[in-house]
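Common to both upcoming complexes is chain A, partnered first by chain B, then by chain C.
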Partner chain A sequence: MEINILAFGQIEEIIGKDSFTLSDVRDTEALKSKLSDLYPEMNRIPYSISVNKNIINGNHTLENGDEVALLPPFSGG
Partner chain B sequence: MSQENLENRYHRQMILKSFGKTGQAKLAQAKVLVIGAGGLGCPALQYLVAAGVGTIGIVDNDVVSLTNLHRQILFSESDLSKPKATTAAAKLTALNSEVKLNVYNEKITTANALEIISNYDVVLDCTDNFESRYLINDACALLDKPLVYAAVLKYEGQTAVFNFKNKEEVERINYRDLFPNPVDAAHSVSCNEAGVLGVLPGIMGVLQTTETLKIITGIGEVLSNKLLVYNALNSSFNTFNLTKNSDSQKAMPQNNEEFKNYDYELYCNSLLSFEITTETLTEMIDKKLTIIDVRNPDEQPEAVDLSTFKMPLLELENLFESQVTSSQVVFICQTGKRSLKAVELLKNNYSGHTFYSLKGGVLAWNEFKNKTNEHSQKEKSIY
Partner chain C sequence: MSTHKKKKVFIEGPISPDFIAESIAHHSVKTNIGAHSIFLGQVRADQIDGQKVKAIEYTTYRELAEDKFHEIREAAFEKFELVCMHIYHSLGVVPCGEMCLFVFTSSKHRKEAQDACNYIVERVKKEVAVWGKEIFENDSHTWKQNTV
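Coming up: the complex of A and B.
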């Protein structure tokens, strides 16, 4: 299975692109863990996760073709 | 202003279907508070004033600087070093003398927030730091005031309306539902450090005013329970649906008294997240790691079984750049206080490094080493 990931804010910079795909991540906890292995800098940024445009709380099962967005807070004004 | 002038002035919006004279009358009655007269606040204020909002409060304790002028479009070169709130009010009065402007040349704090906000119907968060954002959110949640939020960084902006629900919605969502945890000090970057395209806060500030006008007049559907993200580079608007996060609600002050005693500075800017324990340091030592002792050269004792670079705190900034290449850096000192200072000194200037501070310092490390050494001695004597 494959999920599509959109990266925003500082996360886009850490990853180096604004969208990419990952396979074999069954839920959002597994995704977070995979991302922190691939990009250790992400451990230090809290971010919200949306699955198919809905921001989720807690763990969420992922299915083939899901679109996941990684949304860090920022404070500039 | 005469009735004829009034109708002329707002004619183009009063002829709009569903806005009309009623919408204009609602604006004239409304009281809106804009916290922060910077990149977001300037354009938001200009359109609020131009649209004929009756009373507008402006909160800002900062003064105009040259680096503000590329985006804070109410100010000009002759305003440098002048207070933003007062200066903005003078320009806005020239734009529309009918609007009543209340100037607060002060920072929003737990001491003044509830009192100020309670005088208004809608609040715009146009600030530039997490401390103020959590503070304003909590105050608005306690007072049940709609909060129009926006934030920008580099080429990207976010906006949302909190503590408000459209007819069919059941819950009031707030900032803590979206971001339950503040960014730790290491990654809390501001526009001062990271930069921002001048037009970006303009777009986001105008979106804030748009939502405010909708809240007041009742036209359209307010951006409540949603987060809108705009990216200037790829011209994308993405909207995300928000949900209530029960855990985050527990972290916020539950009443006015708790709010007044809440330490937002500590909550948002704590350096404590940089601290590592002696056990963690042991696990990290095998990896590529630089350990820097920031004590003065004559300070004793030496750290047991630990190879360190010596860079006294006062010379740290001079020595660091030329001597340290590894990405992971642990600072140590006698008790763990100066090492936190070292993190604070360097964290914003060296984004390629991850900094840590050893909790308890050399004293805690040596005690830990002596214990583990004793333990292994005992084990040896058993076998």
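Coming up: the complex of A and C.
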């Protein structure tokens, strides 16, 4: 099981790339905890998550091939 | 339910005063309009920790942002009696003093145009997946934070 992850803004900067894949993450809570282990700096950014272009609230089960985006606070305009 | 076509919102680089002027001029044929309201966001030379901002570089999650712009557009048409509406946002580098957001609403009477324009600007700043990187004169940077 593999999910495609997109990183934006400050999170892209912390991770050092705009996309990568992770395997064996069953849901978004597991993903968050994995990311926080891999990139402790992410703990200080209150980011939201979209799955297949829908911003999710709460935990969300992930499936093979899902596109998950890590979205730091928006700052357009 | 979608009643209007998705429109192009993103413009590469600054939004030029000529573009804004032309956009206004295009409305002279729409004679049922009695009021326009325009918001122009300009990149400010903020001082942060002694460093001066020289430009903002905008990036986006394009599909998500375009869907949200469309949703805001539909909601504004639903909520206010508008004749027409345009939203443009810059991507890439916009130097300070230049325009990065252009919201343009037109209606029969002023209140609808003004209220719709404010409504759209507030939602764009809060809900659209765009990020601004403030670039300082010494080429270091910080990430822009929108005020509530």
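Operating definition for what follows: the second predicted complex is superposed on the first by the 73 of 77 C-alpha atoms of A that agree within 3 Å, B and C clash if a C-alpha of one lies under 4 Å from a C-alpha of the other, contacts with A are read in each partner's own complex, and residues count from 1 in each chain.
We adopt the following convention: a contact is a pair of C-beta atoms (placed from the backbone, for glycine too) under 8 Å apart; a residue touches a chain by one contact, two chains touch by 3 or more.
Because the structure is predicted, anything quoted here is derived from the model rather than measured.
Once the two complexes are laid over each other on the shared chain, residue contacts for A:16 go to neither chain B nor chain C.
In the superposition on chain A, contact of A:77 is made with both chain B and chain C. Judged by the touch definition given at the top, the superposed model places A:8 against both chain B and chain C. When the two complexes are overlaid on their common chain A, residue A:41 makes contact with chain B while staying clear of chain C. After overlaying the two complexes on the shared chain, residue contacts for A:50 are found with chain B and with chain C alike. Residue by residue along chain A, chain B and chain C are tallied for touches, and B comes out ahead.
Common to the chain B and chain C interfaces on chain A are residues 6, 8-10, 50, 53, 55, 69, 71-77. The part of chain A that touches chain B in the complex is made up of residues 6, 8-10, 18, 40-41, 44-46, 48, 50, 53-57, 69, 71-77. For chain B in complex with chain A, the touching residues are 36, 38-41, 125-130, 133, 150-153, 156, 158, 178-184, 186-191, 194, 196, 201, 227, 229, 231, 234, 238-243, 245-247, 273, 354.
Of all residues in chain C, only 41, 58-61, 63-65, 67, 89, 100-101, 121, 124-133, 143-146 touch chain A in the complex they form. On the side of chain A, the complex with chain C involves touching residues 6, 8-10, 50, 53, 55, 69, 71-77.
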